[in-house]
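Questions regarding the structure given below will be posed in turn.
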Amino acid sequence: GCSSSSTPSSTGSSGSIKIALVLKPLDNTYFGAMAQGAQAEATKDGVSLTVVAADNVTDDSGQAAKLNALATEGYDCYIVNPTSQTNLLTGLAPISAAGTPIVNLDLPIDTSAAKSAGVNITTYVGTNNETAGQAGGKAMMNLLSKGDGVALIGGLVGDPGSNARLKGFTDAVNGTLTITQTVAADFDKAKAKSAAATILLANPNIKGFFTPSGDMALGIQQAVEEAGKKGQVAVIGIDGTQDQLKDIVAGGEPAAIEQFPYLMGAQSVQACIAAHSGKTIPTSVETPVLTVTKDNAQAALDAFPAPPSDFVVPNPFQ
Amino acid sequence: MSTQTSPVDTTNPITASTRTLRRRLANEDLWTRATAPVALVVLTVTFTIVNPKFLTWPSLTSMLADSTIPIVLALGATFAVTLAGIDLSLASTVALGSVTMGLAYQAGLPLWLCCLVAMATGLSVGALNGVIIGWVRIPDFIVTLGSMSLVMGLSLIFSQGKPVQIPERALTFVSITSVGGIRFNFLIALAIGVLLHIVLFHTRFGTHLLAVGDNPDAARAMGLKVARVKLAGYVICGLMGGVGAVLLTSYIGSSQPATNTDYLLKAIAAVVLGGVSLFGGRATIIGPILGAILLTFLQSGLTLVGVSAFYSPLVIGIVVIAAAMLMRGRK
Amino acid sequence: MSTQTSPVDTTNPITASTRTLRRRLANEDLWTRATAPVALVVLTVTFTIVNPKFLTWPSLTSMLADSTIPIVLALGATFAVTLAGIDLSLASTVALGSVTMGLAYQAGLPLWLCCLVAMATGLSVGALNGVIIGWVRIPDFIVTLGSMSLVMGLSLIFSQGKPVQIPERALTFVSITSVGGIRFNFLIALAIGVLLHIVLFHTRFGTHLLAVGDNPDAARAMGLKVARVKLAGYVICGLMGGVGAVLLTSYIGSSQPATNTDYLLKAIAAVVLGGVSLFGGRATIIGPILGAILLTFLQSGLTLVGVSAFYSPLVIGIVVIAAAMLMRGRK
Amino acid sequence: MNDIKVELRDIRKTFGSVEALKGASLTARRGEVTAIVGDNGAGKSTLVKCLTGLITPDSGTITIDGKDVRFSSPKHARAAGIETVYQDLALSDQLSIWQNLYMDRELTAGIGPLRFLRRGEMKREAHRLVADLAVNVPSVTRAVKRLSGGQRQAVAIARGVMWARGLIILDEPTAALGLRETAQVEGLIRRVVDAGETVLVVSHNFEQVKRLSSQVWVMRAGNVVQGVRTEDVSGEELVGLVTGAITAV
Amino acid sequence: MNDIKVELRDIRKTFGSVEALKGASLTARRGEVTAIVGDNGAGKSTLVKCLTGLITPDSGTITIDGKDVRFSSPKHARAAGIETVYQDLALSDQLSIWQNLYMDRELTAGIGPLRFLRRGEMKREAHRLVADLAVNVPSVTRAVKRLSGGQRQAVAIARGVMWARGLIILDEPTAALGLRETAQVEGLIRRVVDAGETVLVVSHNFEQVKRLSSQVWVMRAGNVVQGVRTEDVSGEELVGLVTGAITAV
């Protein structure tokens, strides 16, 4: 029931646009950067942005309830980064029915389920997480030699994002590197550090760690250094947080996969503005990933959180 | 002898109805029980002042629909708490139920059977808890802490961490369709509430549950089968976890292999705000229902009035404490 | 009269030492207390058989170092549990403490003062809980559920969700440096354990804490200031949360704004496996320490022997229940 | 043998290192009041609990109506018509008086598994019963928790009397009761006995024992050391037997 | 006035709709035993709790040694030398006997804030004290939980006697006690009184009241309806006063 939600704003004046952003939890650096990027873009374009977030990465129904509450309020555009591929569909159905644009951020909504629920996604903005994982795999293969053992330290078991990244990595290194074991550290730095320390004890021949999160990568790197194996064991993590970049510059981790959540946030707002003004926009915008190594780390750090200057990302919605 | 008037007559000169009123007002139970409804009214008024849209029919019905799963889980938790126990495995039971439901669906079973599978899963977890708590006599806290982890592990292993989409109209139907604006899933939760109210207050089992929760030694001395009553209580709790799994799957359209521990804390908060004693032996059904609605209204209301995501946990914490304090302050 | 031999002499023909032994074996408390150590031995033997690396000095000391934070938090939780209470805000206190410590560091305060800030933060959360539980008399569960959310919100607001790096040698020193292989942080945890043992068993406050936990009404009738004792208990609990924050920050070299609810569940599981009664009034210090070590060994052992992430929750759940069952089965 | 309602033979029970019962034996005759007296900690309550199935004795036999029985739970004892007012395990505090009175004996209506409580009827009956006891107890819907010590005891006794079919066991039933209430309970016991029930009562009050009982058993340190017909013994002799000053009458 | 140790005037206390005390007044003389008798639910325990600060009366005044006092907590009453053996709130079950005996009176050694318990000394002293009472209580390191009803009561009384400095209040102290133990407690009370303490005792046992007390107050339905010197009244008259059959002697 949101009959009043589709009131079109007067043409041209983007100042009256109200955008709602439904995110995953903000205590995570990655999603925090997404919110920042969106907010910066909204401020720049003079639109109002309301950010709500799930309480944790498994808060499927809580996130849906928040979307439902926002739906009642009637925003001009909804940006959603769902915790699962279907959890927001019930709430999005009436929004879509009213013709309000919906931008899907980061985790893709299941297309067939969306179709059967009658939800029309205006556009998708995000990185394919498997692509990011593959980039990690390639970077790892550059550093190690054939047959070397690597361990995977995942996020929360069952988290779709984490799983997709691990899958991408596994696919990429398949046949070249040996994955000795996969453990879960719940996106927690301390747990990742402790798990890495244990793995190094159990398997001193290990040559690399891959993890889908930047915070965890830092923890693993610490474990490696404390085991006296700095430089001998490669730690590669996705995200490319500021601290990760600093660590690369300082000669810690050899590489990271930067995913530009900040950029995703900004682009999703651009998509909203474009859709609201009636422009036809692409149905999917894949934000790029950048493999950061010691060579380009300083440049990436200087430009943070935006992409480095030589990495041109035009507004795909202009 | 039985007709002799007691020399110790406590009748006062004030009228009977005044006395009843005074007794009711002085009754500490009443205040405990009033917590959830009063807080609900205060909250509704506050939110409506900030944003009048809060008190519109579409908004209310949408929030009530969102409170369905919390209500069902709070009702389940009520049975464990009434036994002076707790079921920490409740949230992971929801996950496992949705996983087995997804597996059943993948195996091509008809939808109604998939729902039964989810409920049977919840029931089995409850039975496991109940048997160990009742017969082996390990504290409920440690048993359900163990089974929480165990059940979480099972749902990961069964699902390999991947959700199963269940794109069936008939399933999402209950979460979307409404009768006069009130969604089906909320009506289902209410129906379950009525049923459990009857079980708790109008059957022998209900009385025995309260007695065992109050004082298991006294209950045993009176001939109650304490272990069996505990088993039944935990089975109901687990079953509600299974029902929650079905409702969740219907709500989000897929299974959910990862456990959301928020469900657990919210369910128990609803039970306590609803005036059920954590020391067992005293319970209501309406209380936990109102408690669950209160917590949902709070969460949705904050979203509706535009409180930033950074501030909402803070506000929720303050409101929970304030709600509890408000009522105790009256004593 | 005082010298008259009682006609009811219970001395048996068996010798005194045999009787002492028999009494000890029959003592249910003893079995409860033996749970953690026995389970620890069984676990160590099992893991060592699967992977002999488990029982090497580097592996043991590394696992003991990892158990530091669980130990400190379990010791804090012991004080709440001894009061027949619980502190659900413990894990979020750790997060808030590390955030305030990070802020203090960013503000340029010297490191020792940053550590004090973290501890003061924990102490304040404990004091808040204690005051509301003791004087307003709201159930501990609901108070700390509220403060959990409140504290979580504060750390989110203060940190804006971002960790602060604290790259100070002096801080990481305690997590890295070892004496004969045993890390400093573990030694600190042990020292805290000894201190709290003295507090609990060799001061008046400790006795009063047990008495209030056992039966607050009787304690009040004996003139104890129940509210004040509760306050002190929760303050110690919160303070341990603050110490946990310092140790965590030292361990990972940065603040950690996200609450890890695992800390809470692990702390309470350690307390219960350590033989402390959830109904209050009975506690040990060594029990929770061993319980925390047990859980850490379990987790690390599973990683060490290469059990997949999907299977480890299942195994942990089974071990927790089995540990508890093993001991009860003997009664 | 037909006039022996209950016989306990050589009951032993050890709690850890405490030998609470060291081979206690006694009998109670049908249709009369049998008293058990003895020091604190002599094992009286433990013996009673062994008889009602609340505690399983380590060894010994229990015979009721000439048949060996072995109650593994108080449920079986209650099913056999034995009601007990325990010294310490009386009532469910937070439940109302009527719920306590009808505990595990609730009246229901309905068929098959669909049986619902007849709450109104139970309340009315409970009210009548309590009034009958003439104890000053407030409304039967009140929680037992708020009653005074004596009021609680009265409720527990009312329940025992209400359901006993053959044997009623009272462990220090009037310890918390006032004068009037004690007289009331004693009157009740007499009525129950006149109606043919057998009563076993533990008491520290020797006057009461003299007034009520036909047979007294004296316990000391886990043993039943003496059994006498009440009419054969004077109050002073009873005192002597309990303290051990005299060993036989 | 100097021989009046305690005076309660017009104490009222209502619990919800129950008027437990409706303006009760009584006095207790220094160095003698004053008894309170009355039906179950008459308000005796409530009156005692008002005096010790466990309950705050709705109105009324309390005078001790001629000075108006208002104890807001039992701590203050204990600090003023008043010890109480409550009917229901006796002991911390899971703590040992010696810990209960020394509750809030623990012996410590050390200076300033660094004070540690003298555990050994307290255990030895506790042992001596309990042995003195000649009650068959096991080791003082045992938890109170596992004691028999009478043993528990004995521990509670021992604690009261141990710490009283001026006034000791006993609410039905011998209700759970056996013959020998009751005699023991009565002897103890006499010794305490001989040593100059004032004793206030609630009891349903009229023989005991006659044996021990010098003054009796009769309570009925929240009021103190009569006060008489024990020597002026016979046992039957006391019964009559309590039941209301006679209104004055």
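Observations, loosely collected:
First chain written, first letter: the chains are A, B, C, D and E, and each begins at residue 1.
Definition applied: a contact is a pair of C-beta atoms (placed from the backbone, for glycine too) under 8 Å apart; a residue touches a chain by one contact, two chains touch by 3 or more.
Going by UniProt, the chains are B, C = Autoinducer 2 import system permease protein LsrD; D, E = Galactose/methyl galactoside import ATP-binding protein MglA.
Just so you know, these numbers come straight off a predicted model, no measurement behind them.
The greatest centre-to-centre distance from chain E, using averaged C-alpha positions, is reached by A. Between the interfaces B-D and A-B, more contacting C-beta pairs are found at A-B.
With centres defined as mean CA coordinates, chain E is found 46 Å away from chain B. With centres defined as mean CA coordinates, chain C is found 36 Å away from chain A.
Chain A and chain E have CA centres that are 71 Å apart. Among all residues of chain E, those that touch two or more other chains are 15, 18, 39, 41-42, 136, 138, 243. Each of residues 8, 10, 156, 160-161, 309-310, 312-313 in chain C touches at least two other chains.
Residue positions of chain A touching 2 or more other chains: 26, 157. In the complex of the two chains, the chain D residues touching chain B come out as 52, 54, 73-79, 84, 86, 89-95, 99, 103-104, 106, 108, 115-117, 119, 131-132, 134, 136, 138, 187. By the touch rule above, chain B contacts chain A in their complex via residues 51, 53, 56-59, 61-63, 65-66, 69, 155-156, 159, 161-163, 165, 167, 169, 172, 175-176, 181, 248, 251-254, 256-262, 296, 299-301, 303-304, 306, 308-310, 312-313. Residues 1-2, 4, 6, 8, 10, 198, 201-204, 207-208, 210-211, 214-215, 217-225, 277, 281-282 of chain C are the ones that touch chain E when the two sit in their complex.
Residues 15, 18, 37-42, 45, 87-88, 135-136, 138, 146-151, 153-154, 172, 175-182, 204, 206-207, 239, 242-243 of chain E are the ones that touch chain D when the two sit in their complex. Residues 88, 132, 136-139, 141-143, 145-154, 156-157, 160-161, 261, 265, 268-269, 272-273, 278, 310-321, 324-325, 328-329, 331 of chain B are the ones touching chain C in the complex.
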